[in-house]
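Chain IDs A, B, C and D follow the sequence of writing; residue 1 opens each chain.
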Amino acid sequence: MDKGRLEAFSDGVIAVIITIMVLEMHVPHAPTLQALVEVGPVFLCYVLSFIYIGIYWNNHHHMLHAAQHVNGAVLWANLHLLFWLSLIPFTTGWMGENHFAAIPTALYGVVMLMAAIAYWILQRTLVKAQGPGSLLSKAIGSDVKGKLSPLIYLIAIASVFASPKIADALYAAVALMWLVPDRRIESKFTH
Amino acid sequence: MDKGRLEAFSDGVIAVIITIMVLEMHVPHAPTLQALVEVGPVFLCYVLSFIYIGIYWNNHHHMLHAAQHVNGAVLWANLHLLFWLSLIPFTTGWMGENHFAAIPTALYGVVMLMAAIAYWILQRTLVKAQGPGSLLSKAIGSDVKGKLSPLIYLIAIASVFASPKIADALYAAVALMWLVPDRRIESKFTH
Amino acid sequence: MDKGRLEAFSDGVIAVIITIMVLEMHVPHAPTLQALVEVGPVFLCYVLSFIYIGIYWNNHHHMLHAAQHVNGAVLWANLHLLFWLSLIPFTTGWMGENHFAAIPTALYGVVMLMAAIAYWILQRTLVKAQGPGSLLSKAIGSDVKGKLSPLIYLIAIASVFASPKIADALYAAVALMWLVPDRRIESKFTH
Amino acid sequence: MDKGRLEAFSDGVIAVIITIMVLEMHVPHAPTLQALVEVGPVFLCYVLSFIYIGIYWNNHHHMLHAAQHVNGAVLWANLHLLFWLSLIPFTTGWMGENHFAAIPTALYGVVMLMAAIAYWILQRTLVKAQGPGSLLSKAIGSDVKGKLSPLIYLIAIASVFASPKIADALYAAVALMWLVPDRRIESKFTH
């Protein structure tokens, strides 16, 4: 089966997701600084979601680069991941327009949690498709970040009822954790 | 003629369709669970349509992978399929916003029926372009699912006037039928 | 310079244009046949524009397939064409929402005229980039359709002030003229 | 690491940005010339931004064509550039709808300035990834335009408080400066 077209389709979907998200940042009518400041919360959410989707694209890129075999199960596990990512413009807009209120902030975390689970499923499916002792399974290694992220999302979702600010800080922390260069897969290729 | 660019263009269009559909799920203004629940029907339609478009992408991927020759007729048969698929965001939004009312549910089925017919035409055109005894025609085989789907859509459209719920159940059933791994084309390559 | 990336970018832009056009067909609020009928004119315009953009993609595909050399002038001539094509969702929405009124119908023709001129410029730029006696210049031949189309657009724009229906019929006629398989370039490759 | 997928993803994002921008040009309700004239300022902004994004795509295309090595830092520098480009539909819509008022015109320049800085960072990161004496670093040369543009943006942003028209003229001047064929990288390949 054709890995190239799977990558091309994923790139297309992720490119549209990351870009249409900006449409949720509605152009204000008044030409004033005040009007711009009101867009602030949506902009902050946009930055956060842009980084998250960038991280997913980056990791997706590395993971598929290390993979050699793709089958029907991988196609569906990939579509499952794209489904949850496609909801990010919605949760981003809702959280931003409501200035990080509790329920929208919790939903943002739920979608992130589901996307993280979907990514984990895709990873498992891909590893299985490569057969034992594959380059990919070595490259993934212990996958500490991948195991830690869903846990932090769960804590963030629960913390919303105490204060949404804790959740927002946790979402930012997860993004930062991933932004730190992930040398796992890359290093395996260099050595 | 260039099969690669046909695939790339189709991937692009399908990627945009599957993603802009989420724009029909309007971000609610209130930050309440109640507001989220009201988006429920549109979300359900979105899930259904996402799966349908995923199925089409999957099948399109397999079919073109098995094809070797592409001509002008194939390009137009492909555009014809993309046309009907491009209407899915519209029918999804209409059915969802009106909580699965009769007429929008019927229209959803009509567009699905037309897409199925368009897919069948594309399949015939591709088989013809490969010449006799092609790998593709063997891979397609009896195509039971492809022949059954339009029939079920017709029944669903008619059943709308009894109860739209029957139609919704039938749409879900067709999606499930296709989600079950289709080993036809894949297996031909393995053996 | 890289022909592949020019094709990929054009495919991306054309894929987005052909798909976001459907967003101009606003989902009606009422779940009635009457509400659907009111979308009729926008739908008709959508079909017409979908066919036009399909024709452009098809011809673009063939033309670039026959080309071997691409330079900076070609990149800009291509972007110029994409600019006029990108206005089609706007003119389609305006003509449809106003039920083929005179001014929107004229503007539709103006944008089509500009796109035809832009295509002609791109063709000239590409032929020049190939050098004398190229496969492309032979494949283009006398280009009767390409010379006829702008003339018909001009007549259509002028006829709007008599009756927009004449213009609409002429737009449909041009689309039909191009839909008839264009064997020019294709046949050159076969022989 | 895979240069092809970086190019494909960038092409996808830029293709979506350049095309969804047209959605900020809202279809007027009345079928009159007057209604069309009112869209004029948004149209002018659209033309300007289309050219800017075309320039970025062109330069991005050339720069990556001359590059041979891509690493994790390049992926993120590229996403950083795409982030600022993704804000252009927003600033275009705001400046256009408010008929080139001071604050929106200044914001337009701020985003252009940030995009120029992001492009410069990407260029530095790419050059570093190629190692010393690379084809890319020779091709970039003194990069006069790249150093001049941010300066002009700064002047434009400051001039907004005197008159937004000065800023608009400066934005147009930068676009024109880049439209003049940039033979730097191209010529290095020809010789």
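Quick note on the criterion: contacts are C-beta pairs under 8 Å (C-beta built on N, C-alpha and C of every residue); 3 or more make two chains touch, one makes a residue touch a chain.
This structure is a prediction, so every number in the text was calculated from the model and none was measured.
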- Among the chains, which is located farthest from chain C on the basis of C-alpha centroids? A
- Same residues or different residues: which describes how chain B and chain C meet, taking over half shared numbers as same? different
- Averaged-CA centre spacing for the pair chain C and chain A, given as whole angstrom: 37
- Message: Distance between chain A and chain D based on Cα centroids, please, to the nearest Å.
- Response: 26
- Task: Could you list the positions in chain C whose residues touch two or more of the other chains?
- Result: 8, 12, 15-16, 20, 23
- State the interface residues of chain D toward chain C in the complex, per the touch definition above. 7-8, 11-12, 14-16, 18-20, 22-23, 25, 27-33, 36, 47, 50, 54, 57-58, 61, 65, 179, 181-183, 186, 189
- chain C touches which residues of chain B in the complex? 1-2, 5, 8-9, 12-13, 15-17, 20, 23-24, 71-73, 75-76, 79, 82-83, 86-87, 89-90, 93-94, 97-98, 101-104, 107
